Each structure stands twice: as C-alpha cells, then as structure tokens.
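In the two complexes that follow, chain A is the common piece, with chain B as its partner first and chain C second.
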Partner chain A sequence: MEVVIQRDSFPQLLEKLNRYNIWLPRKNGDYWEFKLSRGKESLDKKYTNTKLSPKKFVLPQTETLFQITEGENGKFNIDEKQKKDSLDIVFGIRPCDGVALSHLDKVFLNSFKDPYYSKKRDNTVFIGLACETPPFENCSCTTMGESPFSTKGLDILLKDIGDRYIVEYITDKGKKLFSGFPNLFGKITTKDKESLEKIKKESNKKIKKRVEDLSETTKKLDIMFDSDLWFHESQSCINCGICTYLCPSCHCFDINDEQLSKKPLNVKRVRTWDNCQFPIFTMHSSGHNPRPDKQSRYRRRIYHKFSYFYKTEGEHLCTGCGRCSNYCPAGINIFETLQKVAEYE
Partner chain B sequence: MNENPYFPNLALITSIRDEVGGDRAIKTFQTRFVNGNNFTFKSGQCAMLSVFGKGEAMISISNSPFTKDFLQFSILKSGRVTSALHNMENGSIIGVRGPYGNSFPMEKWKGRNLIFIGGGIGLAPLWSVLKTALVNKKDYGDLMLIYGARTSKDIVFKDELYDLRSEMTVHLSIDKDESGWNEFVGFVPENVKSKVSWPQNSIAIICGPPIMIKFVISTLAELGFEDEQIYTTVENKMKCGIGKCGRCSIGEHYVCTEGPVYSWAELKKLPQEY
Partner chain C sequence: MVHIEDIKKEAKRLLKEKKIKYLIGYKRGTNGLTALPTFIKEPEDTDELIWEASCIQNLSRYLVEEKKEQLKNKAENTLPVGIIAKACDTRSIAVLLQEKFLERKDIYIIGVSCEYGGVIDQKKIKKKFRGKKPEKVIFDKTNNLLIGTKFGNIKVPAEEILAERCIECKSTFPLLCDDVFGENVKRKISEHFNSIKEIEELPAESRWEFWHGHLEKCIRCFACRSVCPMCFCTECVVDPIELAVTNESTAREKAEKVKWIERSTTATDNIIFQLVRTLHLAGRCIDCGECERVCPVDIPIRLLNKKMEKTALEKFGYESGFDINMPSLISNFKDEDPQDFIR
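For the complex of A and B:
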C-alpha cells in the first residue's frame, strides 16, 4: 500500500513519533552515521549512505548476553534479562542495507533462533529511503539482482519524488507505526506514480552492473577453489578486517567473558563482531590453523558470500553496497574479483 | 532447559582424574547438572563448557549415553578455558550447554567390524562410541582399538585400556622407543598398516590431530577401505555451537551443526579446511 507525505511535513512526523528513539543519518566529517534525532528535522537531501551499516541495530558491535554473579556458598546466578524494551525507528536505510537485514534474518531466525537478535528485530522499525542516484561509485545492487527500490528486510520504504515522499508500507509493523496520524498522509496520484517511474528508470540506469549474470558466474567457483586467483587477489590484504566490519551482511561473531570483579566473581558474557580475515579466527589452541594464510581467508570470504550461502539460502550474501571496496586501505575491490571470476576459463 | 541457546546450565564437577601430567596435561572431569537431570546425547556429540570469567570451549563428551548419572569430558590443557578447567577442583561449578552436533551412525554399522583408531586426546571422543559399541557388542562383528600417543606417559585412560583387552583387541603405540615398551613404536598410520588386514565388512573410526587423520585415511585407502567405510570427527574452533558465529565452517557446512562426525565420502567433497 502506498501513500504520500509532503517533504515539509516530515519534521511534524518526527515530532509525533518522539516517544520512540528516532535515528536519522547525519554527517560527521566526511562520512554519514545514524544518530538520535534532535527533534524537528528533515532528511538531508545530500545524504548518501552511512559508513557503518545499520546491522548494529540488530547485531551491535558489542552486546552483553548475560551477567553471571557469584552468590553465597559458591552459588551462581545468571541474569539473562534483556533490558531494552523500547522501540527504535531508523530512517534512511538504503535498500541494499534492507536486503542485508533479510540475510541476517536467515542466519539468526532459523532453527536455532537467536533471542537477542530476534528481540531487537521486533523492537526496531526500519524505514528505507530509495536511491534516486547511487550514493557511491562502487554501488552495484543490480549486480546482486536487487534494485535501488528493493523493499526486502524493510518495514517502510520512502521514495523521494522531489517535494514529497511516496510511502510504501511493507510490513504490518510499518503500517501500524504511521496509522495514528492520517492527516499527515495523502493519497498517491497518477502524477506521483509517473514521476516515480521516471526516477526509478533513471536510477537503475545510473548504477553500474558489474557482472551480467552473477548466479551463472559464481557457478564457476565450484571449479576455482585451487585457482591461483585467490593468491593474487589477496596479496595486498593487510588483514585489517574493515571489509567485514563495514559489511551489512557479515555476521560472524565472538563470545568472551569480561570479568568485572574477581571476588565475588562478577562476569559479563559478551558477544562482539568477529572477522574471518583474522588468522586467529579459526586457529585451534594447538596452533593448527585450517585457514592459515591470506589467500585461504580471502577465498573463504568470497566463497561464503557467493557460493556457500547461495547453496544453503538461495541468495548471495552481498548486497552490492560497495563499502568493503570503498574503504579497503589496500584497494581490494570485491566487484573486480567477481569480474575476474566471470572471465576465468 | 532454557530456551536461550547461549544459556549455560550450571553443573557441578563431581570427579577429576589426572590422566597425563606435564605441559600437555590431560584430566578427565565428570559433571552433573545442579538443577535437574543431565541432557540426553548421542555418541559423537559435544558440549560447550564455561569457566565463568574465562569463557567457553567446545569439548566432546567421552562417556557413553548409557551412563546417565554424569557427563564425562577428557580435556587437554591447551588454551585459556582448558587451562582454567585444569585449575578447578571437585565441587567447583562450571557451565554446560548442548549437546551439539551430529553423532556416529551406530545403527547403520550393525553387523560390521569396528576399528577405532585414535591419537593423543583423540581417544576421548572415540571412547563414547567405543563404550556404546561394547554395551551392544552382539550387534557388531570384531572390535579393535589402535591407539597411539607421543610417549607412554601421554596415554590416556591407562587403567581402562588395560581392562579393555579382555573385551576387544587393543594395539598401542608410542612415537619413540622407551625401555620396557613391548608394543608398537612409530606413528599411528604405520601401526594401522601393520595391524589392519581386513577391510571387508569393516568400519574405521578415526579421531586425533588433523595431520594424523589425513595420514590414517590415506593408509586405509591403500588397504582397500572404501570412502564410506571411514569415519572421522572434525574438531574446528567453535564459539556459538549453533551455526552462526562462522569459525567452524568447512565450505557450506558448520561443523557444530552438520558435524563433527563425517564419513570420508562426505568430508572429501568439502574444502580441506580443517
């Protein structure tokens, strides 16, 4: 279902929602990040996409799973109550990052449902903002079979058509959020739809599709495991891991104990983002390492995204957002690797 | 059981036995849950043990599921958590969650000879399946254990191994000769070569360091074992146990959910990253 809201009415909408935590993209130096709203604000027309992906709203970089405290007579109490129950509303999620949320759903809401992810997912409304122009040079959602107007993983998608937004409700949660203030929303007109179609067409054209048929291309990975491509592609890697930290779909994590006091013992069990590009990620305590070198780790990253996840979940674990390639200090570009796979004979 | 898959159940250490001393010390722990019965499990499955303040480590359960009053873990002092476990005492509380992973297909093996091949601490996961086979001895053909350690001091379950000889064939080995050692000297694959002569109707179950597993598999292949006759367990580093944290992955498999037990026919199809 689609309605429209005037761009001028947007600050009023934020005001009506002010009992919730509202997050908006805001510029910080040379990058954008999600920040709590200061009240009556508009979405900045110059907004591109955030440097850190919105995965932090459902998979924080660090989160406490539970706290373990020692009581009398050596008894232990484990407090697993999750404190946060309030609703977070995040505006300005780019459609690629919405697609990433649908990937994370597949990982965390499967047969072993993750209660921490699940609760945050339920308590967050993700409001997308379609891209009328690609935010970055390395954007390539179309390579992944998606588009700058994809709705996957989102609750609402806003489409900027100049002086107004077309509001598309995707989930009931999204629809319910705005249902209290019908005065702010109007019916969509034929003219609105026409402008949208025009913008959509233009936008799709502006995005460089880097590989024509990704699923066909990645079938080649089945026979490329021992190729020297992985050696060459990974040579400049410095194992910094920024590719996976910035990736909206990467979800590997570590679990560790943080000791707050020794006697009586008070411990936080903490989950943090982890990184398949670090040697220690897979290293056994014996020192044996199943993926001991850069080439096996880089290959793992590419295969997980384009072969393994595709085989088990039917989707590529990449949204084409381009962050890994924009920010890699060694200049490694995931799309260039994919093009080399496409050309492999 | 708690619905939160990360929630450790409190368990009491009821017994600690020294198996091996020195730098590569091994101890065998028995635990029981503080609140309620131990979980039920199958041979081959693992449990995530917590030492609060130190973290978690995935350890294979070494007793048979037929023994219900405790869970047993034989643990090599190796990393942060296992070292902390080695410092614990009878009556200490740890966390236990699980069981995780698949199990040995013992039903499928009925009527077959079983050859257990272990190295070092690799006898621990084998011990559960071996003990279960002994309980149902009439279901299987001949049973044989080939087990090797670096030195005679590194052999685990010494007393039980002695008793075991009355129930099945046991061949031991150590890497270098020692005075008073009357059994095989050399690596496990060589001992396999000298003792195994009947691939027909047999199943080989291997557990040990990754390098030993690789060499034993090629030895068995030379002896005429088919890929489907060879089973092993893969023990990659794990954190979550439920197929999410990513580090135990081999290809599209997560060892914690689809492993740790693989036939060589299955494992050889995956990237050799273990």
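For the complex of A and C:
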C-alpha cells in the first residue's frame, strides 16, 4: 500500500513519534552515521549512505548476554540484560542495507531463533529510503539481483520524488506505526506514480551491472578453489578488518566471558563481532591455523558470500552496497574480483 | 621533474636482467583517484606503472609481509625485492634496516623524489571535487597540482589538497636508494609540527575529551596496525596467537593467558590499544600518515604519533628514519638524556 507525505510535513511526523528512539542519518565529520534525532528534523538531501552499516541495531559490535555478580553469602545473581522493550525507529536505511537485514534474518531467525537478535529485530522499525541516485561509484545492487528500490528487510520504504515522499508500507509493523496520524498522509496520484517510474528508471540506469548472471559466476567458484586468482586478488590485502566490519551482511561473532572483578565475582558474557580476515579467526588451540595466509582468508570471504550461503539459502550474502570496496585501504574491489571469476576459464 | 617513462625503463631493465624478484609499485586506481599497489614480475607489465600525487600508500608494508613469509617458510631470499619509494617510505625502510628487521641486500630501492609536491589527501579531494570525478593528478613545476577531470585539467594550489604530513614534510628527497628519480629540492610549506599545535594548547581535560570522543568510535578493525610498516610484531598484544598458545601450552596456560584488552569495544580498552601502539612507535614512526588515512572512523591517529616524534626530538634530539647506523631511540642511553622524571 502506498500513500504520500509532503517533505515539509516530515518534521511533524518525527515530532509525533517522539516517544520512541528515532535514529536519523547525520554527518559526523566526513561520513554519515545514524544518530538519535534532536526533534523536528528533515532527512538531509545530501545523504548518501552511512559508513557503518545498520546491522548494529540488531547485531551490536558488543552485546552483553548476561552478567553474573556474587552477592553476600556467596549467592550469585544472574542478570539477563535483555530489557529492551522500547521501540527504535531508524530512518534512512538504504535498500541494499534492508536486503542485508533479510540476510541476517535468515541466519538468526530461521533454523535457530536467536533470542538476542530476535528481540532487537522485533523492537526496531526500519524505514528505508530508496536511492533516487545511487550514492557511490561502487553501488552494485543490480548485480546482486536487487534494485535501488528493493523493499526486502524493511518495514516501510520512502521514495523521494522531489517535494514529497511516496510511503510504501511493507510490513504490518510499519503500517501500524504511521496509522495514528492520517492527517499527515495523502493519497498517491497518477502523476506521483509517473514521476516515481521515471526516477526508478534513471536510478537503475546509473548502476553498473558488474556481472550479467551471478549464479553462473557462483558455479565457476566450484572449479576454482585452487586457482592463482586468490593469490593475485589478495596480494595487496593488509589483513585488516574493514571489509567485514563495514559489511551489512557479515555476521560472524565470538562469545567471551569477561571478568570485571574476581572477588566478589563479577563476570559478563559478551558477544562481539568477529572477523574472518584476521589470522586469529581460525587459529586452533593446537597452534595449527587452517587458513594461514591472506589468500585463503580472502577466498573464504568470497566463497562464503557467493558459494556457501547461496547453496544453503539461495541468495548471495552480498547486497552490492560497496562499502568493502569503497573503504579498502589497499583498494581491493570485490566486484572486480567477481568479474574476474566470471571470466575465469 | 620525474618522468614515469624513465622509471618504467629502469623497472623493465631490472626485471629483464633478473636483478630483482619482483617490483612493488603503483598502478592506476579503479575506484576514484587513489593509485593501487601493484606487484610486477614480468618486464612487459611495467607499462602499468604510474607516478603521480595519487601514489599515497607506503609500500614498505609489503616488504615487511615478504620478510614474514620468508621467515615462516624458512626460505632463503635469493633476489632482492624492488620497491618504488617516496622519501617518507624510504625513511620507514631505514628504520626497518636500523632495527635489523630487513637486510639491505634483500631490497632494491627505486626512490622517487616528491620534489615540490607530495601526495594528495583523499578527503580533501573528495570535498573539493565532488561530482567532478577526478581521474589523475599531476605535479606542476610550481607549487600547484593539476587535477585531470573529464571537464579538463584544474589547477589547485598544492597545500589545498596535499596530505597534512606532506605539508609538514622534512625532506621530499628519498634516501638509501639504488636508483633515484627527481631532484633534491628545498621546500617548506609549513612548520613540521603545525598540526599538533592546536591540540597541544588545549587544557588536559579538553584533550581527554577529544581523545575519548574519538577512540570511543574505534571499531577495532586494526587497519592502523595492519597498514603500519613499523607494526611488524608477529604477536600483537591485542590479538595474540602464539604468545598465548603454542603446541606445548597446557590447558591451564591457555585458560590463564593474559588478556591485555577485552573483546568488548569499550572506550577504555580502545584507548589502551591505541596508547600501546603510540608508545611502541615512539622514535620509530616516520609519519607516513597511513594509519590515519585508513581509519574508517576518522580517528586522527597521526596526531598521537606526531606528538611522540616531537618529544623524541625535543628531549633526545632524535629523528627517526635518517640514519640507519645510529642506535634506535629506545635502545640507547646518553648521559645528557633528561632524567628528571626518574625519581
């Protein structure tokens, strides 16, 4: 279902929602990040996409699962740390990042329902903002079979058509959120639909399609595990964690117990992001490391995204957002690697 | 004036005559202006080499990796590795030689002078040329840079787009070179420690606030450490592998290994990590600025290292990266060294 809201009415909408935690993209120095709203605000026209992906709302980098404290008489108190009942509303999720949320759902909600993830997912409304112009040179959502107007993973999608937004409700959660203020929303006209179609077409055209048929590329991976390509593609890699930590779909984590004090005992169990590009990621306690060099680690990242996940979930674990390639210190570009894989014989 | 054709010719000769194993240089970038590192084995591939102000990276990091691979595989290096190095890059090689991590015979340095220029700051370029898609950047003979865009060349005063470290550069002429291209010119755009002036003058509380605010953002991607040629420890305190665990370690030893920082990304532990790094780089950092360039959350790491550099100079008259025969700052003691802090 689609309705329309005037751009000028947007601050009013925020005001009406002010009993929730509202997150908006805001510039922090040279990059964009989600910040709590200060009240009557608009969505900045210059907004591109946040540097750190919105996965932090459902999978924070550091998350305390529970904490054990020793009380008097040696009794232990276990605090489950899951008190999040307030609603978070995040505005400005780009469609690629919405798709990434649908990937995370597959991992954390399908065969095993992760209670920590699921609670946060239920208590967050993700409001997308379609890309009327793709923000980056490396934008490649169409290569991944998506588009700058994809709705996957989102609750609502806003489509900027100049002086107004077309509001598309995707989930009931989204629809319910705005249902209390019908005065702010109008009916969508044929003219609105026409201008939207035009913008959609233009935007799609601007995005480079890197590989014609990615499923064919995936088949290639089956025969090129031992190829030299991995050595050459990863030769300039410096073994940092930017690509994975910035990736909206990467979700590997580690769980550790962290002791705050020994006596009385105070310890918390913490889940943190982990990173397959670090040598320590696969280090065995025997001292053996099955992925001892960067070529095996880089290959792993590509295979996880374009082979293993595709085989089990039917989707590529990449949304084409371009962060890994935009911010790689050594300029490694995942889409160029994919092109090389596609051309491999 | 540096001519890339001369560099290509020399590179081709070295590879043809099998004087070097391979060459680490720069090629045209595919995402924006910044050049990319390239590793050339075949003489005919030298055509892809470029030399311009977009050759930002300090490639000596890859010499460190080569050395580590060698140590791991216990392989004997038969031929030196060729490297194209700017003045600052040669200074980092100098420190690596001084500390005996690298051996002179294992490297072949093709030094290139930055002359009146330096390298660009990606962020400054991004701001100044938004939407113009700059494709290349050429040194002028004067203090200007020419930015090639699809709308033609645009002339910009160097200091407006040069990296801060280049503006504060001590010498744009490389040292220790086997080959050298470009001239040794005297140029000074700014004071060497201009960039830390502002923060030095702040009261302690404001400085604390400044660093706390910045380091709170750290996501521990460790790109600053990974890109740094001086961070060559096999074991880093933040993610020790073999320090804690070896084939012989008992279960108890594994369980009781010292954790210097926890995995939780708290500001406190982020600060510990960055301070450990800063102190480990005191008297070693040559200000190539790579740590700050790669930081995804824009932490001004260079300021910390610059402060160390200034302290080393003021207190001990020590400058890193200029003399490979001198003992390093930390391993040396002189009677006149200040010692009023020892009480």
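The rule is simple: the second predicted complex is superposed on the first by the 337 of 345 C-alpha atoms of A that agree within 3 Å, B and C clash if a C-alpha of one lies under 4 Å from a C-alpha of the other, contacts with A are read in each partner's own complex, and residues count from 1 in each chain.
In this section, a contact is a pair of C-beta atoms (placed from the backbone, for glycine too) under 8 Å apart; a residue touches a chain by one contact, two chains touch by 3 or more.
The model shown is predicted, which means the values in this text are computed figures rather than measured ones.
Colleague: Give one of first, second, both or neither to describe whether A:Ile238 is in contact with chain B, with chain C, with both, or with none.
Modeller: second
Colleague: Once the structures are superposed on A, label A:Leu265 by its partner contacts, choosing first (chain B), second (chain C), both or neither.
Modeller: The first partner, chain B, only.
Colleague: Quick check for you: in the superposed arrangement, does A:Asn333 touch first (chain B), second (chain C), both or neither?
Modeller: After superposition on chain A, A:Asn333 lies in contact with chain C alone.
Colleague: Have a look at where A:His251 lands relative to chain B and chain C in the superposition and call it first, second, both or neither.
Modeller: So A:His251 only meets chain B here.
Colleague: Would you sort A:Ser286 into first (chain B), second (chain C), both or neither based on which partner it touches?
Modeller: both
Colleague: Which partner chains sit in contact with A:Leu184 here, chain B, chain C, both or neither? Use first/second/both/neither.
Modeller: In the superposition, A:Leu184 contacts neither chain B nor chain C.
Colleague: May I ask you to decide whether A:Ile68 touches chain B, chain C, both, or neither, giving the answer as first, second, both or neither?
Modeller: In the superposed model, A:Ile68 contacts chain B only, not chain C.
Colleague: Contact-wise, after the overlay, does A:Leu87 reach chain B, chain C, both or neither (first, second, both, neither)?
Modeller: Neither partner.
Colleague: For chain A, which residues lie in the overlap of the chain B contacts and the chain C contacts?
Modeller: Comparing the two interfaces on chain A, one with chain B and one with chain C, the shared residues are 254, 256, 283, 285-286.
Colleague: Taking the complex as given, what residues does chain A use to touch chain C?
Modeller: 29-31, 51-52, 61-62, 64, 137-138, 235-236, 238-242, 245-246, 254, 256, 258, 270, 272, 275, 278-280, 283, 285-287, 289, 325-327, 329-331, 333, 336
Colleague: Okay, in this complex, where on chain B does chain A touch?
Modeller: Those in contact with chain A are residues 2-8, 10, 50, 52-56, 78-79, 82, 91-93, 95, 209-211, 235-237, 239-240, 242-247, 249-252, 257, 271, 273-274.
Colleague: Using the touch definition up top, name the residues of chain A that touch chain B in the complex.
Modeller: For chain A paired with chain B, touching residues are 65-66, 68, 70, 74-76, 78, 80, 107-108, 110, 112-115, 225, 251-257, 259, 262, 265, 267, 269, 274, 276, 281-286, 288, 290-291, 296, 300, 303-304, 307-309, 311-312.
Colleague: So in the complex, the part of chain C that touches chain A is made up of which residues?
Modeller: Going through chain C, the ones touching chain A are 29-32, 34, 36-39, 57, 61-62, 123, 126-127, 219-223, 225-227, 239, 241-242, 245-247, 249, 254, 262-266, 290, 293-294, 296-298.
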